[in-house]
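The following pair of complexes shares a single chain, subunit A, combined with subunit B in the former and subunit C in the latter.
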Partner chain A sequence: MPLLRAAARRLAIFIGTVVVASIVIFLIVQALPGDVAQTTLGMGATADAVAALRERWGLDQPLAVRYGQWLVGMLHGDFGSSYITGASVVSQMAPRLAVTGWLVGFSVPLSLLVAWPLGLVAAMFRRRWPGAVVNALSHIGLAIPVFFVGTVATIIFAVNLGWFPANGYVTLGTSVSRWASHLVLPVASIVVVQACFLARYVRAGFIDVLTEDYYRTARAVGWTRWRGLVRHGTRNMATSLVTVVGVQIASLLVGAILVEQVFVLPGLGTMLIQAVQARDLVVVQDVVMLLVFAVLLLNFVIDMVYMAIDPRLARGGRG
Partner chain B sequence: MRVPHLKGIVAAVAVVALLTGCAAQSPSPASAKTLTVGLTLEPATLDLTTSDAASIPQLLLYNVYETLLKMDSTGAIRPLLATSYDVSSDGLTYTFHLDPRAKFASGAPVDAAAVVSSINRMRDAASATLQSQMSVVQDVQAQSDHTVQVLLSRPSNFWLYSMTSTPGIIVDPAETDMATAPMGSGPYMYDSWVKGDRITLKKNPAYWGTPGRFDQVVFRYIPDPNSMVSAMLSGDLDIMGEMISPDSLPRFADTSKYTVIKGTTNGEVVLGFNHARPVMQNLLVRQAINYAIDRQALLDTVWAGQGQVIGSMVVPTDPYYQDLSGNYPYDPQKAKQLLAEAGVSNLTLSLRVPITPYAPPAATFIASQLADVGITVTVEELDFSSRWLPEVFLGGDYDMTIVDHVEARDIVNFANPDYYWHYDNPQFQALITQADEASAADFITDMEKAAQMLSQDAAADWLFVFPNLVVARAGISGIGANATSLSFDVTTIAARD
Partner chain C sequence: MTLLAIDDLSVDFGRHHRPALDHVSLLVDAGQRLGLVGASGSGKTVLASAVMGLLPDNAHLTGTVRFQGRDLTRLPDAAFSRLRGQDLTMVFQEPMTALDPTMKVGRQASEVRRLHTRCSAAQARAKVDEIFTRVGLDPVSQIADAYPHELSGGQRQRVVIAMAVMNNPSLVICDEPTTALDAMVQATVLALLVEELDRVDAACLFISHDLDVVSSMCDDVAVIHGGRIVETGGVDEVLDRPRHPYTQGLVATARIDAVGPGQRLPVIDDFSSTSDLVQAASEQCDTPAPTRQDR
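Moving on to the complex of A and B:
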């Protein structure tokens, strides 16, 4: 079963990378300048009070011991407790993860839904005006940072038209309609930028298909351009698109920080920024670990999806 | 054949666009029963016995926790849980008479036993600031159900003032978790906290005094100034509690829609001198710097002219305030003369400032004005917690720095030679002690002298008092003009509609 063996190899690499990443994250966070005890106690703190607080939080323990405690805790689902609030990090992270999850969860499929037809149009009519228009638009979209799109969208749709709230968040459990209305502008801002980005890959993928033998054959036996592209092109284009989408989800998870800042959404990004400012190292460490884990997991999943799309890969390279 | 397909594709795109938009529903209009206030900094914890963060009393003081005495918006001390108090002639014994009606939101009475336990809680607090503010308290006892006696080790006017703030809050004895479930006697109670977004207070239905006007008060935390302005303009907020981008004031000029409230805070923006550096020990140099800076022009440039020049470490709402802003009029010629007299030439000074909305622009302005009188200033911008706190505040590695000192009556910091300015003036220290222990009337005159002494000695350059800028939608009333306490006091706020 070469497929299974290849999968097992990928899994081993994945686990190894996660462990190495955890060591690197732990060491980097420890090396951050600034002391959490000092920051918590503020400008009026005495040296004794700072030392006492460091001891209470176990900051006087050796590095290896603290790393071991952290790693073992995580394996048991215990991510530790925030230095500052004393609350467990898992309980604080869950609602944050939900916000970022909604943001990414809506943005990615919607971006694809917009990018796919746009890319197709751009490829089919690449020497005519619809292709040129799509191409130009996607270039413009690429050049604009997402926080700018968000700010402009806020001014137009929240401040001037009053259709949506300018920023903030309401949980799904509180009110479905208010939850949705708070997500529209952030998701739309991401989709605008992401769709422009992805459309370029879709276009390039379909253009590649146009030059392939199987496409020429399909055309020769009387298939229309449209049918040939959609039926034969989509699967072939999907391999390259999956890579791009994977990388995009990863960068979105991390890049959501910007959108969360503009729209004051209580997601993982704002949690990370607040924790860094307060030097709440346990929280910083856990959030970064979670993000890195998500990105690595995503890469692992993409590898698996590759094999499903193109079984030749499991046999070792494109046969 | 091509055209219909294109139409189909365009239709698909339109459907997607519609999908993204169809969840749209205009936000429900703010019901008159909910007050939404936008603030900048979210607290990390609600336990004010462990953290000195001003964001905690901003939310809880007076709204959730009450004190024996309250500081009103004019800077005067008013009764709250105590209807009155007596001081013994030696100034050592304070007797507080509690309002017999007062009770906690839990229903328990605010009696003498509760007050004693709360004052002891503050004396034993982990916060070094609280400990030092309460250090003069020798003993506290219940005299009767509604009478509490506090014995001080020495007379202290500052202690009485501090009782209007965090050290004086009366916590419900049933309170077990101040970090996540604060319990007090105020007109509002803690309700819920969506981390990273908002803290909601709800009305205390059994409040013992004049009840709150809203069923709930939502404090939304919006660190970005532009997002805050957008939230106010789009109607998401009833009150923008802090404006840290005074340049956007003109956007709220329409008086039919907005009320702009301008007042003062307890924050003195100080150009601090490191007196441990030999060159800064020279009075003539310090005075020269004071003469070389045009503070009104600085205020106009850096903070859109909002705020007020002061001249010493005293704000206009302090009872001992006097306008000392004329002591060092802008006079670069005089500054050059003083530097020559001091025999100082080719002076280079470091100006290491924390990254805040006001400090870096003020630093640039000051560097250019000091260059005019022949002082070379090297400006460095530092992250507050990772660099400024350890290097400047604790490490003393600086010549000059700029910080907004937000605490009330923090002029006393100049009497502490260990504080990061290292200002060591025995005369000033004696005067502050004398004022603290004096009668109420002598306290005022002594403090006036102390402020004048600091100014004469050019112990620092007081740039301006930080303005209190609040924007409310039309129909909201009862917001105090001046932020005299650390509280964002919503207890007096009402909505017309």
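Moving on to the complex of A and C:
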């Protein structure tokens, strides 16, 4: 089965990359200047007290041992404990991961849902005014940073109209309606910018399809302009879009930080910023590892999606 | 009975280019096989696209194309689309790229049925199986379940032909349907095409640069050069006694066996005695390909 073999190969590459990434992240965090124990206890601490703390945190162990402990711990779901609060990192990370997950999870499908018709119209009418309008809009959308959109949205829809809360977050378990209302503006802000960005790729993909022989065939057998493009263009256009969407999700995971700041959402980005400021290196190391893992996992999933969309990749044959 | 009447048709791409078609008039009767021969760039494919209503957006068209009495040039897209694939179909030159790479060929073929006939998916599929069997796609179920890249060029062109004759059209336009295939496959695909055209009793506008193919399959022939029809008539008459210098050249250059050892092969220019013809031909070559679109 060539499909299974290809998938297994991608999986092996994925695992290898994750291991290499973990080593790099670990070494970088270790190489940061300053001794955590010394910093924690303050300048006046005795050498004995510092040494005792280093021993308690396991900082006196050789690098390889500490890396091994970190890696094995993570595999068991134990990401270590914060130097500052002593709380387990997992218990802090889980609720924040959920916030970032909701943000990205809603934004990406909605962006695609908006970008698809925009790109379709822009491609079909590329020589006429509707195409020009969509094109101009998507350029404007690209030029506006997401935090600006978020701020303007807050002023209009939260402060002036009072439709949605301006900031903060309520968990899904507490109240579904309040959870949803807190997510509307952050998600909408991301979607506005993302949809503009993606619409350009959707447009380019559909324009390619318009010049393809199979689109001419579709027209020749009786598809109208629009229905033929939707029917025989969408899947072909999607093959060129998958990579872009993957990169976008990855950058959103990290970039959601801006939106989290604007709307005071307790997401991963906020957690990372706080940890860096407090020099809570265990937390920094874990959050970065989690983000890198998510991005690598995403690339792996994208490869799989590629195979699902484009049969030429999954099923071998004469070119 | 006249099926297709092209009258004074001109097509150009933008104001500053020479017309790709220059006041072309052509008649195709019901059941007639009309060959259209000419060199590349002579306007053959533009003519086919104009009849099918599939010219690129930047094309500018004047004149009329009457099909079954209706002027196609004034037909809105929705009405035209009901005609395409039903009464008026096309077989393209390039079987490698003519099919959607992301859809199984059986499904693409059954679409052609369902677009024009009210029928269930199962009925459409049964029709596809029937036609696929007829055009020699064997084993049918395996081929219907294949993606285009899993088929050979000959198999793909059989699929395209199956799609073209699926709904018993009255006119099939073939744009160099065998040019992209190797010689062995060419002969069988051509035989299949003739068989299918006979079966559905369709007229055919057969575009080619291959005089042998045209003389074996067509009743009549039209010669196009520089966007103009320069000669029309019965196949035997035109090919045996060509009157226009361009046709004379075309016929002579196709007869390699008439050239003795050591003799120079004839080229078209040997016969284009009138200088304006040479001029027209060279200018035609300078015209950029019009199909590429901006983004």
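Rule of thumb we're sticking to: the second predicted complex is superposed on the first by the 291 of 319 C-alpha atoms of A that agree within 3 Å, B and C clash if a C-alpha of one lies under 4 Å from a C-alpha of the other, contacts with A are read in each partner's own complex, and residues count from 1 in each chain.
The rule we apply is simple: a contact is a pair of C-beta atoms (placed from the backbone, for glycine too) under 8 Å apart; a residue touches a chain by one contact, two chains touch by 3 or more.
Everything numeric here is computed off the predicted structure, so don't read it as measured data.
Undergrad: Please tell me, clash or fit, for subunit B and subunit C sharing subunit A in the overlay.
TA: Fit - subunit B and subunit C, as placed by superposing on subunit A, sit side by side.
Undergrad: So, A:V20: does it touch subunit B (first), subunit C (second), both, or neither?
TA: Touch status of A:V20: no partner.
Undergrad: Just to be sure I read the superposition right, which of the two partners does A:T224 touch: subunit B = first, subunit C = second, or both, or neither?
TA: Once the two structures are laid over each other on A, A:T224 reaches both partners.
Undergrad: Given the touch rule stated above, what does A:F263 touch, subunit B (first), subunit C (second), both, or neither?
TA: first
Undergrad: Please indicate which partner A:A51 is in contact with in the superposed arrangement: first for subunit B, second for subunit C, both, or neither.
TA: Neither: A:A51 stays clear of subunit B and subunit C.
Undergrad: Quick check on the superposed pair: does A:T39 touch subunit B, subunit C, both, or neither? Answer first, second, both or neither.
TA: In the superposed model, A:T39 contacts subunit B only, not subunit C.
Undergrad: Contacts for A:L297 in the overlay, against subunit B (first) and subunit C (second): which applies, first, second, both or neither?
TA: In the superposition, A:L297 touches no partner, neither subunit B nor subunit C.
Undergrad: With both complexes overlaid on chain A, does A:R178 touch subunit B (first), subunit C (second), both or neither?
TA: A:R178 contacts subunit B only, not subunit C.
Undergrad: Give the label of whichever partner, subunit B or subunit C, reaches more residues of subunit A.
TA: B
Undergrad: Least CA distance subunit B-subunit C after superposition, rounded to whole Å?
TA: Nearest C-alpha atoms of the two chains are 7 Å apart.
Undergrad: Under the contact definition given at the top, report the residues of subunit A touching subunit B in one complex and subunit C in the other.
TA: Common to the two interfaces on subunit A: residues 224.
Undergrad: Applying the document's contact rule, which stretches of subunit A touch subunit C when the two form their complex?
TA: Going through subunit A, the ones touching subunit C are 126-127, 204, 207-208, 210-214, 216-225, 231-232, 235-236, 239, 309-312, 315, 317-319.
Undergrad: Inside the complex, what are the residues of subunit C that reach subunit A?
TA: 52, 54, 57-58, 77-78, 81-86, 89-90, 92, 94, 97-103, 111-112, 115-116, 147, 149-152, 160, 163, 291-295
Undergrad: Considering only the defined contacts, which subunit A positions touch subunit B in the complex?
TA: So the residues of subunit A in touch with subunit B come to 32-35, 38-46, 49, 53, 84-87, 92, 95-96, 110, 113-114, 117-118, 120-121, 125, 130, 151, 154-155, 158-159, 162-169, 171, 177-178, 180-181, 183-184, 187-188, 191, 224, 226, 261-267, 270-271, 274, 277-280.
Undergrad: Spell out the residues on subunit B that touch subunit A in their complex, using ranges where they run on.
TA: The contact residues of subunit B facing subunit A are 1, 5-6, 9, 12-13, 16-17, 19-21, 23-28, 42, 44-45, 50-53, 126-129, 132, 179-180, 194-198, 220-224, 226-227, 230-231, 233-236, 383, 385-387, 389-390, 393-394.
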